[in-house]
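Heads up: the structure comes next, in C-alpha cells.
In order of appearance the chains are A, B, C and D, and numbering begins at 1 in each one.
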Amino acid sequence: MVNGAVRVDPTEPDLSVRIGRLELRYPTLMGSGCYGSGEEYAPFIDLSLLGGVVLKSVTRLPRLGNDPPRLAAVPSGMLNAIGLQNPGIDAYLERDVAKFADRPCAVIGSVAGFSVDDYAYVTKRLAARDEIDAVELNISCPNVGTEGETFACDPELAEAATRAARAVTGKTLIVKLSPNVTDIARIARIAEDAGADALAVINTVRGMAIDVERQRPRLGNGSGGLSGAAIRPIAVLAVYEVAQAVRIPIVGQGGIETARDALEFFLAGASAVGIGTGNFTDAQAPVKVVAGVRDYLIARGKTRLRDIVGAANPAFAGVRA
Amino acid sequence: MVNGAVRVDPTEPDLSVRIGRLELRYPTLMGSGCYGSGEEYAPFIDLSLLGGVVLKSVTRLPRLGNDPPRLAAVPSGMLNAIGLQNPGIDAYLERDVAKFADRPCAVIGSVAGFSVDDYAYVTKRLAARDEIDAVELNISCPNVGTEGETFACDPELAEAATRAARAVTGKTLIVKLSPNVTDIARIARIAEDAGADALAVINTVRGMAIDVERQRPRLGNGSGGLSGAAIRPIAVLAVYEVAQAVRIPIVGQGGIETARDALEFFLAGASAVGIGTGNFTDAQAPVKVVAGVRDYLIARGKTRLRDIVGAANPAFAGVRA
Amino acid sequence: MPLAQTASSVHAAVVVDRREPAPGIVVLGLRVPSLEESVRPGQFAMVAMPSGEQAAVALAIYEAGAQHLSLMIVVVGTRTAALANLAIGERIEMLAPLGNGFEAETLGDDVALVAGGVGIASLLLLAAAVVRRGARACLYYGARAAGALVESDRFARLGIEVSNATDDGSRGYRGFVTELFAAEGRRHSGIAGCGPTPMLRRLAEVASQRRIPAQLSLEEPFGCGVGACWGCVIPHAADENGAPQNLIGATRNLPSLAVGHRRTTQRKDERFTYVRVCREGPVFWSEELRW
Amino acid sequence: MPLAQTASSVHAAVVVDRREPAPGIVVLGLRVPSLEESVRPGQFAMVAMPSGEQAAVALAIYEAGAQHLSLMIVVVGTRTAALANLAIGERIEMLAPLGNGFEAETLGDDVALVAGGVGIASLLLLAAAVVRRGARACLYYGARAAGALVESDRFARLGIEVSNATDDGSRGYRGFVTELFAAEGRRHSGIAGCGPTPMLRRLAEVASQRRIPAQLSLEEPFGCGVGACWGCVIPHAADENGAPQNLIGATRNLPSLAVGHRRTTQRKDERFTYVRVCREGPVFWSEELRW
C-alpha cells in the first residue's frame, strides 16, 4: 500500500471496535457456548463477517456436563443447563485449539473455574496459545450447582478471580458478569479495578420450568439459565447501569436477534454486542445485525459506530481511550 | 348444620387456601396494581370466582406517579413504571376504601413506603378498616427511584419493615419479595422470622427498553419492571428456592396466564398464585386457571389442591399448619 | 353532557372479511354474535392475541352494526402483525366496547375531522353520526404518501368533503395535515382529531389559536385497557382535590387522585392529575390536556 | 461405513401445499429452489419461526425431491402451532439437511420400520431407500388412536406391509407398538425406529433380546440443531479418551470429550460420553446408547 492508496469508502461507516488490545472488524461476538468453535455455523454464514467467536468455556479438569434434558423452550427464550461439558484444559490444548487457527474472525477463549487458582491456571495456559486472541472469564455460569456463579455474585471472589487472570496474561481480558445479583454495577466496578479490559454483560438469568405432567423440573439439572428475547430488557438495563459505573468497553448481550435489538445495547452504552440464542432463531442474525446497524448510522449521517455508543444514556461517561 | 348434613361433592377437589388468618375459596389473587380495585374487571369476569384482589399500593402521602409513557410492550411481557400513583392514605381511607366493601372475594390492601415508619403507619391505618381482609407489604417496587426496592434488597430494611407492620396488625400480613437480589431465599427467611404470615414471590424484574428512533428509554421513568410470561421461569425458580427456605405459605406470581402456568408454581411450592399481566392477555384467565387446576386434580385423583403443593420440589418441607 | 355507557363485556368474534387497502394496513370484518347494542364513535376494543403470551391490543372500532364490527390494523410490531395475519374463519376474543368516545352533539354543525394515519379508523363512526345529526363535516386526512391514504372513499360516500396531505406531496397538500388544516382557514364549529401524538399536540395549538373546541382521541401504550393498571395516563386539568375537570363522557368510580402542578407551554402553573386514556378517554377536550 | 454428508445450508422455502391428515397434524409441502442434492433418510431441518423471537424447530424431512421437500408437524407447543398455521404462499427459512440419518445399507434385507406417532415422518424416505435396494420392509406403526395413524397409505404404496397398534385398540393391536412388534416375532435383519423416547427405550430392549441390530432416531429438546450448543446430548458408548464408538455416519470435527462411567440396565459399568443428537445423530445404533 503505497502513498495511502487504501481507499476507504466515505459512505461506509466504521463499525470496528477496540476491546483492550483486541481489534474487531465488526462489533459482534458470538456468545460463549452458543456457537461451538464457529466451525459448526460455517455452512450457514460467512464467518469473516463476524467480529469474533467466544469459544465454549473450558475448565481445568474434564467435565461431562449435566444430565439431559439440558434445554427447555420457554416464552421468547430458552432455559439451558449444559453444565460446562468440556474435555479439560489438557485435552483441549492438545487436540482442539489448533483447529481454531484458521477462523477468519477473532477467536476468544472462555475460562470457567471453581477456585481462584483454576481461573489463573486455565487462563495462563489458554492465553499462551497463538490461536487465542483474547480471554473471557466466565465467572457467571449458573448451571454448575452454586459453585460457578458464586464468583460473579460475591464481590471478593469476582475481584480475586479477575486479578488472578489478569496477572497471567497480557491479552485482552473480558470478565463476564451475572445478572443474578442485587447490584451489577458494583461487581462491574470491582472487575474494572481488578484489571478487566472489558465486561461481558450479561450471562443468563437463573430460571426453572416445571413439567406439570411428570411433576419435576424440565431440565435434568433442575434450574438453568434463561436466554433469548425474554431477557433483553434485563440485559439492556444492566448495560445501562454498568456503562454509568465503568470506563472500559462493554460487550452487551441477552436476547439480541435483530439490528434494532443490538442498537438498544449500543445506545445504552455497549461498545460491542454478543449474540447467542439469536443464532438459534436466525443463523443469519449476525450479518443482519451488522447490515442494519450500518444502515442506521448512514441514515443518521454517522461515520462511526462509536459515535452512538451510550447516546441514550445521559450519565454514560464514555470509554476510556 | 345437623349431623354433618353438609354435602360436599366428592368429585369436586378442595381448592381453598388458608393464608395466615385469611381463608380463600380459590387459590387466585389478582396482582397488586394490575386489577385496580376489582371493579374495573367486573364487566368481564365474575369476581366471586376469584380468590381475592390485591389493591393498588397506597403510600402515606399522595403520589402523582411517573411521567408517561409508563408501559412498553416487550417480547412475551411488558415493562411498567407506574410509580405508585395514589391519593395517599388519608384520601384513600376517606373516599375510596368504603367502595371495596361489596367485593365478592377477598380484598387485600397493599402498602408501599419510603421509611420503616411509613410501613407501620400506613399498615396500621389501612388494616384497621373492615373492608380490608389482609395486608400485603410491597417492599419491592422497582419503579420509584432506588428508594422503594431498597427494602426488599436490604436484609435489615426488609426485616425492620416487616416487624413494624407486624406490630400494628393482627390481620394476615403478606410480604412481597423482589427477584432483583442475589439470594431471595435469604430475604424470605428474614421476612418469615420478622413475622410475615405469607410471602408474595415475585414482584417485577428490573428492566429497560430503548427507543432506537428517539435514542432514549421507552419509559418516562427510564427503567421499569418486567412482568408477564417472559419472567415465568425466573419466578418459578424463586418460588422453588423460597419454598425450601420457609414454612409459611407462598403466593407465587410472575407470568401466569393458564392453568399449566399456575401448576408450575403450585408444584414448585406455592400455596396460591397471583395473576397480574395475565389478565391483560386474557380477562378470563383467573377462571380458566381455576377450572384447569380442578381438572388436573381430578385427573390425578387428588381431592385437595394442597396435596400437590411442592410435589416437584423434593426439598420442600411443607407449610407449617 | 355525560353519555350513557354501552355495556362492555367479553366477546368472541370470527373473522368474516379481510382486505388490505395498502401494504401493512389490514381491515378485518368480524362477526360478533354477542354484540347487540350499538357502539359510540371513538370507542375501542382490546383484542386478545390468538396465541396468548402477549397483552391484548387496543384498536379503534372502525365500523359497527348488529353483531358485526370491523377493525383497521397498521402493522407496527409483533402484536399488530399477528392480528393483521388472521385469516377468514379464525376466532379471536375481545373486550368491547371500551372508553367514552367522542361526543358528536357538542361539536356543532360544521365539524372538522382531522386524521393522521390510522387515526382515520376512529373517525368513520363519528362522521356518520355527525351526518346523521344533519351537521356538516370535512375530513382533513394526512399520511406519509398517497398509498397510505386509505378508505377516504368511505367518508366521501357520506357526503363529506375530503382534503389530503402527504409528507411527500404525492397526494394533496405537501406537509403535515395540521398545516393543511391551519392553512385552509375555515371557521369550523368543532374539531375531532385522531392520530400520532405530535400531530395532536400541534392540532391542539391550532385549535387553541383559532378558538375552536377540539376533541382529541389520544394514544398511549396500553396494559389492561379497562382502567385497572394506570399505565396509559396523560396529564389533565384537575381541581384542588385531584378531580379531573371537564371530562367527556361519564366517569364511573373514579378513585381519588393526587394533584400536581406543572408549567405548560400555554400556561404558567396549572393543576393537573394523571387520568387514564383507556377509561377517562380516549377522547379529551384539547383545552383540558396539560401536556 | 460413514456416509458422505450432503452439504447443508440455509434455504428459503415457500409453502406450496398444506394438508391436515388428522386434527393437530399438518403436512406442509415446500418449494425450496436452492435444494439441489437429495437428502438422506432420517435427516432433519431446523425451521425458523416466521416471526422470529423463538428458536427454530427440528423437523424430520418427510419427503424430498428436486427443489421440494415436505414436513409433518404435530402441534405440541407454540412453535409447532405457528408452523402448522402457515398458509400456502407463506415463506420460511430453514437450515437443511442436517444430521447423519439412517444407514439403509446396514439394515439387511428384511427391515422392520417401527414408528410411534409423528416418528413416522422420519421413516418414509428410509422405506423408499430400502425398497429401492430390493430389500423387504414391514412397518409397525403405533399411535394413540386410529385417527392419529396418518399417512400409512404412503408406505403401503411402496409395497410395504403395515401393522398397526393403538393405545385404545381402535385400530390393530391394542397396546404399544413395541409390544406388537415383540409379539409378532418375525426375525428381521434390522430395525429402524423413531418415536417418543420411552418407546425407543423399550424397542432397544426388544431388539437386544432378539439380537436384531437397531438404528434409532432420537429426540431431545434442540437449541441450535447444528452441533454448536451441546444442549441435545445423550449418553453414548465411548473409548477411554471419550471418543464415541460406532457412530452412524461421518463425524466431522468432533472435539475431544470428557468420559464418564455409568451403570445401565444392561451393563454394570460402562464408559460413556455425551454426544449431540443433532450432529452425531439423530440416528444411533441402539446397542451403543448408554441410557
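Everything that follows uses one rule, which is that a contact is a pair of C-beta atoms (placed from the backbone, for glycine too) under 8 Å apart; a residue touches a chain by one contact, two chains touch by 3 or more.
None of these values were measured; they are calculated from a predicted model.
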| item | value |
| --- | --- |
| Chains contacting each of subunit C and subunit D, listed by label | none |
| Between subunit A and subunit D, centroid-to-centroid distance (C-alpha), Å | 34 |
| Inter-chain centre distance, subunit A versus subunit C - centres from mean C-alpha coordinates, in Å | 45 |
| Centroid distance [mean C-alpha coordinates] between subunit C and subunit B, Å | 34 |
| Touching two or more other chains - residues of subunit C | 53, 78 |
| Multi-chain contact residues (two or more partners), subunit A | 75-77, 229 |
| Pairwise touch network: line, ring, star, complete, or other | ring |
| Full enumeration of touching chain pairs | A-B, A-D, B-C, C-D |
| Residues of subunit A defined as touching subunit B within the complex | 74-77, 79, 153, 180-182, 205-212, 215-217, 223-224, 226, 229-234, 236-237, 240, 255, 260, 263-264, 267-268, 296, 308, 311-312 |
| Subunit B - residues contacting subunit C, complex | 33-37, 39-41, 43-45, 56, 62-65, 68-73, 75-78, 80, 82, 85-88, 91-92, 94-96, 99, 228-229, 257-258, 277, 279-284 |
| Contact set on subunit C toward subunit B in their complex | 7-10, 48-49, 52-56, 77-79, 93, 95, 220-234, 241-242, 253, 255-260, 273-274, 279 |
| Parts of subunit C lying in touch with subunit D, wherever the complex brings them together | 51, 53, 78, 81-82, 87 |
